[in-house]
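You will see two complexes here that share chain A, one where it goes with chain B and one where it goes with chain C.
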Partner chain A sequence: MEPFSVVLSALLLLSAFVLMASKRIHSYIGAFRVQAVLVALNTGLLGLTTVAATGRVDLLVVCAAILALKVWYIPRVLHRTYRAVEYRVEKDFLFNIPTLVLLSLSLVVVVFVAVSRIGAVQDGTTLVLLVDSLSTALVGLFFLISRKKAIGQIVGLLAIENGLFVTALYASNGMPFIVDIGVFIDLVSAVLILGVLVFRIESAFETTDTDAMSDLKG
Partner chain B sequence: MKTILYWLLQVAAALLLAPLPIGAIRKVKALVQKRKGAPLLQLYRDLLKLLRKSAVVSDATSWVLRAAPFVVFATSLFAAAMMPATVRVLPDAFPGDLILFFFVLALGRFFLVLSGMDAGSSFGGMGSAREAMISALVEPAMLVGLFAVGLFAKTTSIPGVLSAMTALGFPLLQPSLLLVFLAFVLVLLAETSRIPVDDPATHLELTMVHEAMVLEDSGRHLALLEYGAALKQYALLALLADVFLPYDPFAAVPGVPGVLLALVAFAVKLLFLSLLVGAVEAATVKLRFFSVPNLAAIAFILSFLGVLQFLIPGR
Partner chain C sequence: MELLLWLVPIVALAVLALPLPRRVRHAVSLAETLATAAVATFATWTVLTQGTAAPAMPGNLFYLDAVSVILLDLVALVGLLTSLYTIGYVEEEIRRGSLDPKKVRALYLLIHGFLFTMVLTLTLRNLGGVWIAIEATTLASVFLVGFHNGKAALEAAWKYIILCSVGITLAMIGIVFLNSAAQGVLAEGTSLDWTALFARADSLDGSYLKFAFIFLLIGFGTKAGLAPMHNWLPDAHSQAPSPVSALLSGVLLNAAMYAILRTAAIVNRNLGSSLYTGRLLVGLGVLSVATAAVFLLTQKDYKRLLAYSSIEHMGLAAIGIGLFTPLSLFAAFYHMINHSLTKSLLFLSSGTVLQKTGTREIGRVGGLLKLLPVTGPVFLLGLVAIGGTPPFSLFASELALLTSVFQQKLYVLGAGIALLLALVFAGIIQALFRVFYPRPAAVAAARAGTAPAPAAPLVPGEPNRFGAVAVVVLLALILVTGVFLPSWLTKLIDAAQTILTGQGGG
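And now, the complex of A and B:
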């Protein structure tokens, strides 16, 4: 199982970079969906090992919840929101894509240096898993601050959550069931509220560019 | 004697198999578009036809235009012969080196770029400038990817790398090699003028890259250039097949039949990789030229992450 989870964590990090390099809102959502599939695979893999070892099935339930929420429901809500508010393609990022991608790469190096200073982590495999998942969260954070449109920022928030979820998964071999479910309920309500907020921003400013919100009115 | 036989086999396999992947890619594309498409072996016929025709050379050109087809063909053939067509390598034959492999190909590209500019036509110059830019963009990805492979094998000599990869069994299960494989697929697409970077079937000179550089060549010279391009693609596909899919199902069969079976397995791997390229080609559109740096940046980070994934566990 271990080689597969290392490969999956590398692919998860890669999906964060794909997200960072995509230009259109639809490709953000597609990349997020791929990332969610990878998170579900990670959870399912760990779930299968825990079922075999201890008979706990809660990780498999969490995996099913991820498939239902993050792979199916949330992307659908985002697509619907996007269709309703956006009718033209606009530039949505601060720097050009090669710069963004290279800056994200430096984040991975920073995480590597920081995590390898933690004396408690001795095992090479754990180190790789931690570096990959923490970098996924940080690249998600950078994605969030590098996009100007509200939908891109929602996707960034979700990407951070993906990274943190997988970090917790690797660090603790599965959090208590109630915590996972609580996080999911928070996530769904956050996406729904943010979706409504996008409509409000759109109707107030006639754009979903959040920079417009810092201009004084009057 | 054995060494001579080995090299004869290498050169013959390269010359015979080189036009096959292009035919396969075109066929996949045609089938996806619900066309019948040209026969699989069309490129062989085209090359034979062109080889029988004499070349027309403008008297406004220099020796570069006449020399370039031969240099391109020779360098591509050399690189292609360096990559074992069977996974079995003869240890005491000329070993070859991955860095040499890429820079021999770069020498051919240098002459191709010069010959594009030699006739002084504006299309040729444009194609050359674009080719030079693309190669400069993908070179970091390629070199860093090579370092990752070299770190794994602790050598860059081709037999050393191949034996290290064969010892791994399925190299693609290693995260660093998986990322480098993806980077090399992107490099392959850019280096062989396939679709996200260049459209090999275009009829519009303004969008051509490779085609624009060979506009001035005809007859035998064109045949050599096209054959050279096919050999270069074969060499890069063989690199992917040998380094990342080194599995040899007939490793137990000894002697000549074993070598022949390994050759068949290799051809199957080539066709599989061509299908992959054909699928990419059918699924994507040509990038706007100024979006090519984005693709190159992704290829670079793939390679770099590959190196990091190797270094992180602290081997």
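And now, the complex of A and C:
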């Protein structure tokens, strides 16, 4: 199963770059959905091997939750929010796309250096898996910083979480079950709350560009 | 018995969700915090006599020891006084027309949900659970920050949820790596338990732990308001309704600090010294105090002034935790207790000041001692206390902290902190004089400036009698703890410090 994981983790990182290079909010949500599918595949694959080895079905349950929430429900909420609040197309990023992609590449290098210094990470495969998944999280963080629209920032938060979740899978075959479930509950409530906030911001500021929110200083 | 700490808020939330008259809501809210305080007292007694309180339950999720029970008591105490204050606050807001009576239900539900998540943070055994609870505190309080739905409140709420969620997600990386450090050392299912991690800290993999700690510190440090991740704090704390500010500043910051304390203890024990965590914590701590000092000197809004002062005090606590000597840990705990009480006093009285004068601007308040015969003087003394002046308790804990710094022969650090504290003091006292002894002409000019003149001249008198009682109680508490610590509290802090340093069997 290792070769599959390596391929999947590389695809995951690629999806982070696709997200970073997207220009429209609809394509953000699409890229996020693809990323979520990859996360689900990874979880399912690992879940099948644990079932075969120990008979525990935790990870398969988590995989089902990912498919239901991240692949189906959350993108739907985001699309709905988008249709309700965005009626004009505006430029949504701080630098141009090639610069952003180059900066993201250098992030991957930084992660590589940092992870290879953990003494416990000895073998090459684990190193590759951890570098791919942690880079996905950090590129997600950079995506969040680089977008000005509220919905873009929500997608960024979700992308960070995707990367982290897979990191947890690779680093230690997943977290204790109760932690995974709790994280999911938090995540879904966060997205719902953020969605409501976007509506309120839109009605107060008449835009969801977070640059408009700059009254509080000092 | 201790499990009532979880049961009481759940029952109260269920009751508060029902359609009830406002008076009953006030009563339920007060009863909930009273019951929580009673259970917390019982739990404190259990911890004092038995060392820990971990009632049997499926999954063994619940765990209390001296470290968490001190902070839990603060949640209970500040929660109780805040709910007392909130009764008068809500009535006055409704009378002034700035709160829709229909929103009282939501306000109470959110406040009690928020209190519950903080109790959860402090009573869970599992670090993953603590992470979930801390993220839940953000989610529960974000609509409280944005409660007034104005532009500024929404901006603060958005910043708050985005920055804190990103921070807490980074902390998750730390937890993932702690979990992998524990693989093969700890039994399946206990790999994130405080007790198990700490007991076997020696056998964990140090390189994983070092990597994990950086992320945990950044993540929980964001929530604790340490610079340079503090940007959301002044906005959120100043825009929230005042009782909520008191909870955010007074107890939520401690809850985040608690997670840092525990993880630092594990890493220190594994590495055999506190040098690694110490450098990071002291660095962030000094940076926080310095950042706060600069903004305190030029602050025009008194609620933001209080928020920046919270960053300063959390920075001091971080320095104490960073040094990790028995005395510095004692100072850190003592400081967190004192800050909690003093800051909730100040935010609660600032709420009354805001209701009375209708302005947040320091230069436009004026004449408080006459306008608010009780809250006015209490606010004045509170400001004196937060600047670190004797005989109030913050002076005592700052002194203990500086002593611990010099005891470690860190003269430059000690001198730097002392200098920064002097700057902070100058900032606070300067604000104090502008609030309480302004030149009348300046106030008149400021009032005539932008805002419309008040329809009627302000009449002296307390708008919030419950609130006045609450702040007087808090003032009495910080005066007493400044000169005298009850022996049970000293015993608790000593026990907490022993648990963290692992001396005496932990």
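General remarks:
As a convention for this text, the second predicted complex is superposed on the first by the 214 of 218 C-alpha atoms of A that agree within 3 Å, B and C clash if a C-alpha of one lies under 4 Å from a C-alpha of the other, contacts with A are read in each partner's own complex, and residues count from 1 in each chain.
The rule is short, and it goes like this: a contact is a pair of C-beta atoms (placed from the backbone, for glycine too) under 8 Å apart; a residue touches a chain by one contact, two chains touch by 3 or more.
Since this is a predicted model, take the numbers as computed values, not measurements.
Of the two partner chains, chain B is the only one that A:Val131 touches; chain C does not reach it.
Within the superposed three-chain model, A:Leu103 lies out of touch with both chain B and chain C [touch as defined at top].
In the superposed model, A:Ala21 lies in contact with chain B only, and not with chain C. Comparing chain B with chain C, more residues of chain A are touched by C. Judged by the touch definition given at the top, the superposed model places A:Val37 against neither chain B nor chain C.
By the touch criterion stated above, A:Leu13 is placed in contact with chain B alone, chain C being left untouched. Touch criterion not met for A:Val77: it reaches neither chain B nor chain C. By the touch criterion defined above, A:Val61 lies against neither chain B nor chain C after alignment on the C-alpha atoms of chain A.
By the touch criterion given at the top, residues 59, 126, 128-129, 131-132, 135-136, 139, 142-143, 146, 149-152, 154-159, 161-162, 165-166, 169-170, 172-173, 175-177, 179-181, 183, 189, 191-192, 205-208, 211, 234-235, 238-239, 295, 298-300, 304 of chain C touch chain A in their complex.
Residues of chain A that touch chain C in their complex: 114, 117-120, 134, 137, 141, 144, 150, 153, 157, 160-161, 164, 167-168, 171-173, 175-176, 178-179, 182-183, 185-186, 189-190, 193-194, 197, 200-201, 204-205, 210, 213-216, 218. Within the complex, the chain B residues that touch chain A are 173-176, 178-179, 182, 293-294, 296-298, 300-302, 304-305, 308-309, 311-315. Those residues of chain A that touch chain B in the shared complex are 3-4, 6-7, 9-11, 13-14, 17-18, 21, 96-98, 101-102, 104-105, 108-109, 112, 116, 124-125, 127-128, 131-132.
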